[in-house]
Every structure is written in C-alpha cells, then in structure tokens.
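Quick one: the structure is below, and I'll ask about it shortly.
Per-chain numbering from 1; labels A, B, C and D assigned in written order.
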Amino acid sequence: MRSYEVKNRTNVDDIKALRLITAIKTPYLPDGRFDLEAYDALVNMQINGGAEAVIVGGTTGEGQLMSWDEHIMLIGHTVNCFGSRIKVIGNTGSNSTREAIHATEQGFAVGMHAALHINPYYGKTSKEGMIAHFESVLSMGPAIVYNVPSRTSQDIPPQVMHSLAQSTNFAGVKECVGPERIKQYTDNNIVVWSGNDDQCHDSRWLFGATGVISVTSNLIPGLIGQLMFKGKNSSLNAKLMPLIEWLFQEPNPIGLNTALAQLGVARPVFRLPYVPLPLEKRIEFVRIVKEIGRENFVGDKDVQVLDDDDFILLGRY
Amino acid sequence: MRSYEVKNRTNVDDIKALRLITAIKTPYLPDGRFDLEAYDALVNMQINGGAEAVIVGGTTGEGQLMSWDEHIMLIGHTVNCFGSRIKVIGNTGSNSTREAIHATEQGFAVGMHAALHINPYYGKTSKEGMIAHFESVLSMGPAIVYNVPSRTSQDIPPQVMHSLAQSTNFAGVKECVGPERIKQYTDNNIVVWSGNDDQCHDSRWLFGATGVISVTSNLIPGLIGQLMFKGKNSSLNAKLMPLIEWLFQEPNPIGLNTALAQLGVARPVFRLPYVPLPLEKRIEFVRIVKEIGRENFVGDKDVQVLDDDDFILLGRY
Amino acid sequence: MRSYEVKNRTNVDDIKALRLITAIKTPYLPDGRFDLEAYDALVNMQINGGAEAVIVGGTTGEGQLMSWDEHIMLIGHTVNCFGSRIKVIGNTGSNSTREAIHATEQGFAVGMHAALHINPYYGKTSKEGMIAHFESVLSMGPAIVYNVPSRTSQDIPPQVMHSLAQSTNFAGVKECVGPERIKQYTDNNIVVWSGNDDQCHDSRWLFGATGVISVTSNLIPGLIGQLMFKGKNSSLNAKLMPLIEWLFQEPNPIGLNTALAQLGVARPVFRLPYVPLPLEKRIEFVRIVKEIGRENFVGDKDVQVLDDDDFILLGRY
Amino acid sequence: MRSYEVKNRTNVDDIKALRLITAIKTPYLPDGRFDLEAYDALVNMQINGGAEAVIVGGTTGEGQLMSWDEHIMLIGHTVNCFGSRIKVIGNTGSNSTREAIHATEQGFAVGMHAALHINPYYGKTSKEGMIAHFESVLSMGPAIVYNVPSRTSQDIPPQVMHSLAQSTNFAGVKECVGPERIKQYTDNNIVVWSGNDDQCHDSRWLFGATGVISVTSNLIPGLIGQLMFKGKNSSLNAKLMPLIEWLFQEPNPIGLNTALAQLGVARPVFRLPYVPLPLEKRIEFVRIVKEIGRENFVGDKDVQVLDDDDFILLGRY
C-alpha cells in the first residue's frame, strides 16, 4: 500500500468527467529553458478561463522536444503550483515502452492526476505489440489513450481500444479520427474527448463526446469553455472557425506559438524544428483577434505583428 | 582544423557509391542490454556477404528504443571493430533538432562515416521548419536524408530535398515513396537508395537508384547483393518476394526479429513494444527458408520454430 | 515574478528555525528502484516522531547513487505527499557546478523548501572557485551549506562561509568539523546544525547550534527530538551513544541500512558500493535495540538478525 | 566470444609496461562543449613528446564535470583518432557502482585499452564494499586502480589492493600516498605509477615505480619523458620543481588550465567550479616558462599573461 501517494490518487471518474482540457503550450526563455513564470501565468489564465485540466508536455506543449527530466519536472511543478485547482495530466506516453513506463511511474510519483498515452509512433508495432505496450502502463493510474494517426502513422483500431477499456484505470480516448469513430465509442459507453478543435462542438453535442483536449483554448479558454459547457452554439462555433483554421494551417503548435508570441503571453522563442508562421499570416492573426475580440484572448497586452527579427530560433536548447 | 578527425573523414563520394547498405538489427541479452557478441557476429556476416555499409540504430535496429548514450556507444563500437572494413552510417536523426545536433556531433566524433537523417516525425513541422532542421546537421559531415511518410506521417517534398541537395555533405536520399519519386531524383543526379526491399531490384535497374538500404539483407546479404551488384535478375527477385512479404506483414522489425531468433543468430529477446510473430507465421518462415535454401541465410544453426515460451519480452530494458 | 512558485516559496526564517531534520534513508525494491511505499511510511514515521524536515537524497539517502531524474522525482514526490506537513530540503548540491545549478532549479520548480549544498568534493577547487560555485545556486532559494571535510577532503573555511552568509537565501551551515567551529559561527549569528549525531546534544545546548541534521533520527526520531526540543539531557544523550557509535563504525549509511532492514522498515536491498555490516554487528544491533527499547524505534515488527543470504546486493540499479 | 572486440583487446602486460601516461586536459569551446580540435592537437603533442598513453576524463581532464555521454564520446573519439598510436585509458571509475559498471562496459565497447578505477569517494564505503565495487568492473578488461586519499577522503589499504591484484585484469596502481607505499607494492611485484609529479622521478628510480600518470606532462611531455625514460636525472628533476609547485598550489587542474590558456594551446574557458589563478600567479608562470625554455613546452605561440577579462567562466555547460 503506497499509502500517501494512493490517498492522493485521483479517482478515474474525476478524469472521465472533465470537459475542457487544455493541451498547454510550453513557453521558453531566450536560452531555450522553460519560462516557468510565463508558464505559470498561462496556466492561471486557463484556470480563470474555465479549463478543468491541462495536458503537460503534449505535442502542443512540445513534449517531443523535452528531455525526460525536463518533462517530469514540469509535471511536478504544475502539480505543486496548481494541483489543487486543476487536474494535471502528464503526457508520459512514448514510442519506447521503457520510456513510457519510467515516465509514467515518475509522473504519478510527483503527483500527476492522470497520464496521456500514445501508441508507438514512427517505430510502430503490431496490434499485439500495442496492447502489450499500453498494458505496461495502464496499471499505474488513470490514463487517457490518444489516437492520432495523422501523427503516428498508425490507427489504434477499435478492437484494441475496447480491449484497453477493460482496465479500471482506463479513463477514455482522445480521438482525432472523426465523428463516426467517436460515436462508435460513446455508443459503447467509452468516454471520448475530441482531439480536433474544429470538430469539438459537434463531437460534444452530436456524437456523445464528453469534451475536448484543445489547442485553441490556450488562446480563448472562455470561448472554448462556452462551446463545451453551455450547450449547442453553432454560431459561436462558426465564428471561431477562421481562428481554428489559422492555427492548424501548419503542423501544431506552429500557429499557437506564433499567436501567443504576438499576444505577448510567451516570448517569441522557438525550439527547432518549429519556426514561426510568415509575416502575412502573422498580419492575418491580428485581424482574426480583432474580429473575435481581443478581450476574449489570454493576456492583456495589445496584439502585435512581430517582425522576423523578433523571433529567436534555437537548435541547441 | 579538426585535423585528426577530418583526416579520417569519409569523402561524400564514397558514401554516394554504396550499393548494399544493411539496416542492421540490434540483438539483445536477456536483460535487454545489447548483445555485442551477437551484434559483432552479425556485422561480420554482413561484411562476408558483401554489404558495403551498415545503418546503426535505424528503425530496423530499434534506435527509437535506445537511449542516446547506448546509441552513440553502438556507433563507436561498430567503428572501432569494423570501421576499416565497412562504412558505418549512424542514424543520428531525431524529431528533436537538439537531439539530432547532439547525436550527430557525437557520432562523427566517434568516427561514423555518415549520418542518416529523418524529418521530424510525430511532432512534424512546416517546410521551412524541415529545412531549418536538416540544415542544423548537414554541416557536420556526409548525410543521407530518409523519407518514409508511412512512419513519419509527413512526406519530404521534392522541393525541400532539392534545397538540401545543395549541401556538399548531402550524399543522397533513402526514399520509400516509390519508383516515380526515385526516378524524379535520379533524373536530376540525386543519389537514391530504395528503402523498400520489394522495390529495390526495379528501383536499381529501371529507375536509376544506386542501391538499397535493406532489412532483408540482414538475413540474406549475399542474395540481396546479387540483386544490387550483378545486373537485372527478375527471377531471383521474384524468388525472394515471399520472404520479403513475410518480413513486412507487420511493422518492421517484428518479422526480422522473429526470423533472426529462429535462425539462431540473435537471442529471442524483444524490447517492447515489439512482440514476435505468432506461431503459424513462425512455421511459415521455416518453410520459406527451406525454399530459398538455408545456406543462403546468415548463421549456421538449423532454422527452428520457436515456442511462445522461448521468447523474452521486456518492458524495462 | 514567478508568481505561483514564489507565492509558495518558503521564507528563509522558517528554515532557520528547524531543529530536527532527518537525513532520510532511501529504501529500495529488489530490482534497485525506489521503494516509495516504504519511503512514504518512513517519512510518515519521522513526522509522527517529531521531525520538522527531511533531507532528500543526502549522503545518507544515497543521492550519490541516484541518477538526477530519480533524485528530482523523489524531491517532487516528497513535496507532493508530505510538503504541507514537513519541510522538504533537497540535496541538490554537486561537485559539478552545472549539475548543482540544474538540480537546484528543478528542485525548487517541483516545490522543495530549501536546498542543501556541498562544496566540490573529489575535484575540489580554490576558495575563489568555491565561492563562484555556491553563488551560482544561492540566488535560487533558501540554502543550507554543508561542510564535511571527512567526505569532501576540503574544509570550507570560515572566511568563505562568512562571505556566503551575506546572501539573503543563506539559511545556515550543516557543520561536521566540531564544537569550536560551530561556536565560531553561532557567536556570529550564523545558524548551525550539527552534522554529527554524537555531538548534537552538546552542540545544541553548549555551542549554540539550532539543531541537528541527523542520521540516527531515522531510527529513533522521538528520542533525538527529546535531545533537541526538551533541554539538556546528558543521561539520555549518554544512553544513545552506543547506538550512534554502532551506526558510524563504517561509513554512513552502511549501519543505518543494516539497521532499518533488521527493523523491518526497509527491504534488505543494498545498492553497491554499500554492503551490510557483518553478522556479529547485526547481532549487536539487536542487543542495542533491546537496551534502548524497541518501542522507541521506527516500525512495529520484531527486530531480527538477518542472515547473509537475506541481503540483496545490486551493482546494476 | 565477443570476437572482434576481444581480438582488439589490449593485453594487460602492454598496460603494465607504460611509463609516461598523461592525464590529458579537456579543452572547451566558449559555450562549454569540448573543443575537439584543440584536444586533438594536444593529444598529438603528447604523442610527439613521447607519451605512451593518455587518461581520458581523469580529474585533470575534469571527468567529474562531464556527463557520461560526453565522457564516453571523448573516449571513443580518442580511440578513433589516436588508438593506433597511443594507449587510451578511460577514467570510467565512479563513486556509484552502477555508473562505474555502465561506463566501463561502454568504454571497452568503444575501444579503450584500459580503465582507471577510483574507490567510492565522498559516499565512501567499508573495505568489503570497496572490494565488491572494484570486482564489479575488474572482469571487463585491463584496469588501473587509483588511490588518492587527498581527494577521496579514504585510503585504499594495501590489504584491499593485494586482494584486487589477484585479478588477471589488474594492471597496477596509480598511487598518491607516497614512496613508502609505492615501495611496499613494487617489492611485491605490483606495478605502480606515481600520481604525484613532484615524486615521480624518485618513485621511478628509487622505489620501483614503472612510471607516472602525469599532469605536468601536458605542458612538457618531452622533459617528463626524460625523467621516465633516460635514467636518474636529479638536476632536471630539480629544475622542474618550481613549475610543478606552481601547478599544484591550488587543486589541479586549476594551474594546468591557466597554463595551457597562456600557452595558447587551449581557449581560456573554464567550467566552474574551476577559476583561473590570479594575475600575479599568471605573471609568475610566464617567468617559469622562460626559465625552463619555451621550446620545451607544448604549442608554438608566445606565452602570454592573460587578463581577467580574457577568461570565460561557465556555470551552464
């Protein structure tokens, strides 16, 4: 009995109930280390905006560019500063089973409330391998399984997901394949979060999704919260589409990083291989902000168009 | 002038001339560490079979399951033991630019002859980001750029490849997209290695490829060598197809790992998330070996059908 | 303003007031990983016994045998589970300035209340080098400076200590050189904790020390607490001497590890280079426990004499 | 049979025969990474000056400030560039048995000819613990055991050394305790290298030492070579004393780092906790160089007095 850790352990039902989860951005200092001050401020904006949880070091937070000690530190830091106000979900998944096991053990040890797990991208594996991989970590605590074939090159088939869903620690699926797949799960009482902001409204209100794991909510937590908490709202959903399309014109988090820099919420520091969107897109962002209303976005500085020279791109970080 | 390292530096033309490059398997001890004795024996079999180079820690060699210190050690070890007899190409690519820079510096420092570089899989990036990523490492020494959208979820478009090809260190492309793409490059004097064993014969003799970076050559270096060195041989190519199809029925290196274990060349130890092919497929392998002839395969033990219990599957390694 | 972390930041005066600080042992599982369940139980025994703080990963806790990610994880874990009940002091010192900087940043990020810093042992340096080393980390948060020439081979001279004491984050000194040195500091209003259990009583009541950073309190927190909290008590002090001498007959934590295993509080697992005390010393321990009274020791199992075969000694952990 | 690695394996007798071994300095780039160009040049100067081996990443080479991946890379690099001309001895010792095992395995895998092993400094252990520690690594290949109580705080007693000397891989002792201890070993046919430059001449010609593991030879390999190769030469020995005393007035490698910077052989970059000697000592060095003769020192630039501002001191490296 790991009494003290277990006593604090989140019930999986508390994870299943989450509706607005922000895949939080990781801001950087000019030398490439984490800018924890900006990070703390951004997490606080999320809490004030209504987010119920954050994913720490997801693809949006650039976990793939972190060393594992940075990654676990950021999870521990988030728990320490915000763990009583928001659920902290660590992206402790990996395409290496060893790394996933080690990181998940460490993440729960430092207090994360749940883990996000991905199937082995790039290296890929067989269905039996997928199941063995996930089963290596599912015993450790509440977990969300993430399916995003457009990144992993390999769909987690429903057959595998149904097998994983037998685990008492299985909280649900972050699904990016689309409404039909989501409905297939929700019809079977599997909790689903949409992994696509452009589909989150319909997924929630038409296809049974519980909520969203959102990128866009980094920028407008309150409005995404409206979409998730306040019932069908197609006009708001439509109004946000240009922003969402702008954000995802290049692989995420390129758009988000560019946006938060222009909002003055994060320094304009990029860890390669990410580079900012070009000038004409940056001008377009300012226009979109004004259409939606600056007051709906995080931060309190004027939104500005940054010059190419304002950005710091780092290969060694 | 880094005189001693540079004096040993391989000329990029020596890399461009390679025809048979084996993406070498990494064998393991029962506790998951590298089995260097089995590795050394396998590399020696490749040399004796005619391979001109090895890729160390590629996806076949499960670089994605190595810690970087293991990975660089294996490159240094291979250089130390075999560097005068075969070209050693380190897979020092990564989806993290920091890791690619660090590993590539270290790989060249310990004597690798060339690097293999991948575009940022999983995290992905924009075309500008891809170029910035590759340019961070191309200055360090001879490099092969690897395009495998079925793993990375993102094609390296020809426009990006042509830009990279301007670098004096650019040796060529390992291309998996297919014959048409290969021809497009070879028509423009870009060196190409086929990344698909089932297409390597035609790619070489019909579409201008220089050679192959092969998985199958781990098993039958001499026969793949015949395909690459001895001119068109459609009947041999056809004869090998069942083996190649067997090897790639599940994501590589699942088939290869199963095969080398049954040939007695590597211990039946798997690092998760890889698991062996099921029994009926293992039986089928023995049949295929007999059809092609045991004497054409590496190792000198009888090929056998292993039981499920013979395999050791490791999550902590 | 790193608002959330800083808001939680411990005032240096709260560190200065600590009287009983346990240099907590790290228990292991049979494979060498941390036994967090046993650890949590031991920390809880410390709290119940009156300890006001723990040093995580000190030499007693075998920080020198931890990888840094293990070390920071254990600090974060302790904060997460016990941070509201006890002060958590991370031994984030190192003989490498880079490591000390990185670990101290990470330790404060995951919520430790203070750092313990050592001068560069083994490599050693000049007085100017010592000062530069400590100044690299003193800006980050409350710190205790540790002087133990019998481990570091180099005394931190008072001149250096007085220079460090100018920092607002300087909480005080863990001093092992002896009473005279302690008095020299306390006469100058520098807070001192005795680093030698055999001298802690006199250091506190005769030489002005504020308290002790204790090894023995792992075993008998309540009795060491009596020595620190309840005024001069030479007879109790004398009664504990045989235990203390037993504990330190070989380099710490060899005795402590042996003792906690025989008390059933930690598994009998040793990370090399530590090995248990020999049988006759283990028999002697049981006699000492009975003289002091089993009820004064942590744990509730019978104290037993373990056989040589009961111990697991690990070189790979 | 690890055939290829073992085939290259150095015979322990070849290690026992070495007379002049330089504990090579590690030069740095302004950002703190290794300056491999300067390193290669310095190793080459050693070879030309008559050194028969180098210790890579000793305390002189600041192994204690390296990450292990840097350390193993430097060993592999040295083997790759110079392994056919000079013996490469990796300092793969550690106070953590796990680290010593891992580093020694890796060091031999990348081709080092022998290992240097230290007893567990700082953490210390019992005699039984020392033996268990050394036995964990002695099976891997030729090893020199290093005794330097003024760094480790713990003497390796002759009883332990005699026990280790039973191993077929035991090459000998680097001994810093002094002539009497050396004679005790050499009388018993244990090979000894002096670890004190000021005693190396007498140790070799009066007390039976085979040679020296030298710091001073970084600067004047030819003259230290004369002391080791050419018979008794008390006048040369006396002539070098002022230089040796200058070098060791502060913990090594502070003096050496300062000297090589002023000779223009290494950039004036220090990794903390090392800082350069003060101006008056730097002036004194130039005088000493002139007395001994610039031509006897490595490098071909004029020796100069550097200003405080010329030095770069790095905490993050």
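Throughout what follows, contacts are C-beta pairs under 8 Å (C-beta built on N, C-alpha and C of every residue); 3 or more make two chains touch, one makes a residue touch a chain.
On a predicted model such as this, the values are computed, not experimentally measured, just so you know.
Fitting chain A to chain D on C-alpha positions gives a rotation angle of 180 degrees, to the nearest 5.
Farthest chain from chain B, judged by C-alpha centroids: C. Averaging Cα coordinates per chain places chain B and chain C 50 Å apart.
Our note on geometry: chain B versus chain D, Cα centroid distance of 39 Å, whole angstroms.
Listed for chain D are residues 316, each touching two or more other chains. Because contacts link each chain to exactly two others and close back on themselves, their graph is best described as a ring. Inter-chain contacts, as defined above, occur between A-B, A-C, B-D, C-D.
Interface residues of chain C facing chain D in the complex, by the touch rule stated above, are 59, 62, 64-65, 95-98, 101-102, 120-126, 128-130, 132-133, 136, 149-154, 250-251, 254, 271-275, 277-278, 313, 315-317. Residues 1-5, 8, 36-37, 40-41, 43-44, 68-69, 72-74, 76-77, 79-83, 106, 109-111 of chain D are the ones that touch chain B when the two sit in their complex.
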